[in-house]
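Some structures are shown below for you to check.
Okay, so chain A shows up in both of these, paired with chain B first and chain C after.
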Partner chain A sequence: MSISIENLTHFYSQDTPLEVTALEDITLEIQPGEFIGIIGQSGSGKSTLVQHFNGLLKPSQGKVYLEGQDITLKGVNLRLIRQRVGMIFQYPEQQLFEETIFADVAFGPRNIGLAEEDVKARVEQALELVGLNSQEIAQRSPFQLSGGQKRRVAMAGVLAMQPDYLILDEPTANLDPQGRDEILFLLDKLNQEEKVTIILVSHSMEEVARVAQRIFVIHQGKVITSGSLGQVFSQEEELETIGLALPQVTKLMNNLAKIGKKVKTDIFTPQQAAQEIISCIRGKKDV
Partner chain B sequence: MIKVENLVYEYYMGEKEEKFRALDGINLTIAEGEFLAIIGANGSGKSTLAKHLNGLLLPSQGEVWVDGLNTKQEKDIWSIRQEVGMVFQNPDNQIVAAIVEEDVAFGPENLGIPPAEIRKRVSDALKVVGMEKWCNHPPHLLSGGQKQRVAIAGALALGSKYLILDEPTAMLDPVGRREVLKTIKQLNEEKNLTVILITHYMEEAAEADRVVVMNSGKAILEGTPEEIFIQVEKLKSLALDVPPITELAFLLRREGLDLPLDIFRIDEMVRYICPYL
Partner chain C sequence: MFRNMIIGQYIPRDSNIHQLDPRIKILSLFILLTGAFLVKNFLGYLVLTLFSITILFLSEIPLKLFFHSLKPILWLIIFTMIFHFFLTEGKEIARLGPLIMTQEGLIRGISMSWRLLLLIVFSSLLTLTTSPLGLTDGLESLLSPLKKLGLPVHELAMMITIALRFIPTLLEEAEKIMKAQTARGMDFSQGSIVRRIYALIPLLVPLFISAFRRADELATAMEARCYRGGIGRTRMKELKLVPMDGLALTLVFALTAVALWVNRYGNWSA
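Now for the complex of A and B:
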């Protein structure tokens, strides 16, 4: 059971002089419980790709399956699909519209006809998940919050629908380092504890390296490489030529390896690098 | 020189009209030709401070002087805004014309400068930011980094001596960020433009001559990037990052390695670690 894409091609403005191939022959599969990173430059096609995952866009060619069901067919209940595959767009705080935070988060659950007590339970749970105290803030206006808080309220609105899959398009753009860390921590928690499958779209390798288990690199509408962090980041030159920078510490370890030092290079955070360097130094002393 | 003296800025918010102090006694002098970075968490007052430097906001208490002109003097405000150009975060919110060169010409046209002089200023400014090839393009077809360079050209065409950039790269991808930062550095070094860069990205702040750290409306730390970034724990407690290589140096020092803390670059780190490995 999974999201599975087969030979997906997407043209914008098809059959006009302005036709552009946004995605070309993409085949990939995402398993339940995975934490996927999708990276690429602006304009590479990442956002176009993920909008196929819940039927917001239909492929020009190819198929999209959600747990075996072809969602590109006519007559598919897309509302149900979108409840299962939640999408958090860029700058989701721009979509806040209700007078109170409670009403904003409750909008989705009410729309699917839940009883008011279930709605309340879902809103409280969703706000708690994103680290906001429901009792304190539920009756306040969402527009009085800070940027990072607004974004978390908007995310709670999607989480209240209890999706199995959650797609996030650049969820940390414009946040300060603490706001960014809070979001990444939340995604990790959703994945580990709530078993939500996460698909994180980003152009920051540093960020993806901190949380994702598997990466797809998109360039000019194609998946040019994919695999574990280590597999993808070992292709430093290819990534640099398409304008994606490796995490700085990964580069450092690569540079050390290049000049003949025996260090591991599948290192993505300063903590991992420190551990590896220390263990190399200790190992050397023992010899 | 821009001089900020005991600057306090307060406003009223919410239904109860509670007074909120966004800036709380800032003193700061920015010298000509300097590259100053201002860092701080969301809500620390960075942008509010920046908006005082060209009179977009006026102090509740204290003074701001730009080359001897006080921003509170209404008659001087237009000279001040000409001197102090500003580039905002979202490239799409600051482009007004349908063609790149017309956009850059918008400022000088408003000042009533003769057309021949405008032409010269526009083409010079676009050349400086490396966008001369795009002068006849519609701006909406440009990338984010290119749009920000056009916005910078707009300030240069006005003859600004000081350029404030309020998170100019926050909405850009890595390539766009590099383009913009390179342009800023070049303008500072070659044209002696005074740059005030507000940013969340510590690797950008590391390029500046001086860094000011804001927290709750106060400038709480000030110094060279080296002096600032060695305070790893302090920065973390302020919800700020340090560059990843500096963080690694900090972690390795804790394990007893004798490394300086003011390392931000990969090649420096390689040099320092090699003797150990």
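Now for the complex of A and C:
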């Protein structure tokens, strides 16, 4: 019951002189209910990797299993797989095309052949989920909305298909801090309450550290390290050689520990850091 | 899926052919194409073919890449050949059911596809060795006499440059939107023709919106840099003819003349 990748290799422009190896011998497994972060610099292959999870790309070598089923085989019902493994691309607002917000969000559910009543229920639910009032905006044109709202409508379009797994490629790119917080909050809620498995692709350690439970670090088409936040962030030097910085709070705690303060270093959000520092200071007073 | 298209793609190298003035290369192409149309005999084709092979080697373009770029046109050539083989009237030399292959057809088929191949090889040699920018600069310079007739030559060249610049961008974008809609359960390759045409709406609407947005942004960016058309505009890279260019053009003239001259000899006329 998982997404499982075995020895996946992907070439672009295979068998031409322009052949590039985008991914090399990747093996990983994602369990239901997890919140996964996939991190790497632009061009590292992270977007290419996640497009294998719902069959948008076929591996040049290797296998992709969704709950035990090999989705690289011919004759697999890819539509069903894409309903179960939802995918929100970078700048999803650029895929909006319908005349009304309702019709745009309903596009996915209609494609998977739902009855019109179910479609309506799902559209309303999805719009509420992303924090938009469906009664108010459903009949408006998506092109009248602000950038942040457009993005949320586009996300609703994927959520309305009620996927079990949700892949997001840089969902917070180009958003202001508030918009970013809202999206991360929404993802956390989906994971906690709706039990959706989330796979968040990002180049920002800060962002991934706030929400993910387990991370994979991709560099030049290979998984170079993976594990819990603590396990990965303890390899500060390795991460920096490939151009990824630790979250600033984690760095701060590392530095505090270096100068002899008795603080934990497996800290990834400002809230945790504040608490740890407070308890450290109080602890001293007690002594 | 669009990544594999490399027809007409520029391949930067440092060869003599790359360094030729784009105007000379455009003129040469024009002369050689005219030659290929006028030559009516295999000996003439042979001269032009040998010349094109020489240019190909001088241009330092990897052979594998060159032949790969010809692949899409192969079918056109094969069909031309087959149609001529069987649809030309004349002396019968073979029979395939109701289809009759004639001697005249054989000769014409081979010569037409050879000619077609020459046209394509020469044209792709130009685009493979000349950057799109060089190409439009050369075109602008060659067409500049027409300015006197009121033709907006600079503006046309600018439009061509911009169009060329955005082809890969739009292809990439189309691929991205297609994937996004596929992820929402869209199927672009199944169903009746009507359904497939309707299936294009979710692709075309976002593509047009983004093309207009890009056009708007580009216009603003150009205006912010005080672009106001061709009048009084100077260039960072002036086109300048060097002796090598003269030599190249003379060679092209000479070889085309040879190809036309040998036209009179040999009895394989086609």
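List of remarks:
We adopt the following convention: the second predicted complex is superposed on the first by the 287 of 287 C-alpha atoms of A that agree within 3 Å, B and C clash if a C-alpha of one lies under 4 Å from a C-alpha of the other, contacts with A are read in each partner's own complex, and residues count from 1 in each chain.
One rule holds for everything that comes next: a residue touches a chain if its C-beta (ideal position, glycine included) is under 8 Å from a C-beta of that chain, and two chains touch if they have at least 3 such contacts.
Keep in mind that this is a model prediction, so the values were computed, not measured.
In the superposed model, A:65 makes contact with neither chain B nor chain C. By the touch criterion stated above, A:277 is placed in contact with chain B alone, chain C being left untouched. Of the two partner chains placed by the overlay, only chain B lies in contact with A:206; chain C stays clear of it. Legend: residue contacts after superposition of the two complexes on their common chain; A:111 is shown touching chain C, with no touch to chain B.
Residue contacts after overlaying the shared chain place A:11 against neither chain B nor chain C. When both complexes are overlaid on chain A, the residue A:87 reaches chain C alone and has no touch with chain B. For chain A, the partner touching the most residues, choosing from chain B and chain C, is B. Taken together, the two structures place no residue of chain A in contact with chain B in one case and with chain C in the other. Those residues of chain A lying in contact with chain C across their complex are 12-13, 16-18, 51, 54, 56, 79, 82-83, 86-87, 89, 92, 94-97, 107-108, 111-112, 143, 157-158, 161. Chain C makes touch with chain A in their complex at residues 3-4, 6, 62, 64-65, 68, 176-177, 179-187, 201-202, 205-206, 209-210.
Listing the residues of chain A that touch chain B in their complex gives 41-43, 144, 146-148, 173-179, 203-204, 206, 243-245, 247-249, 251-252, 255-256, 259, 261-263, 269-271, 273-274, 277-278, 280-281, 284.
Per the touch definition, chain B reaches chain A in the complex via residues 14, 41-43, 89, 143-144, 167, 170-176, 200, 239-241, 243-245, 247-248, 251-252, 255, 257, 266-267, 269-270, 273-274, 276-277.
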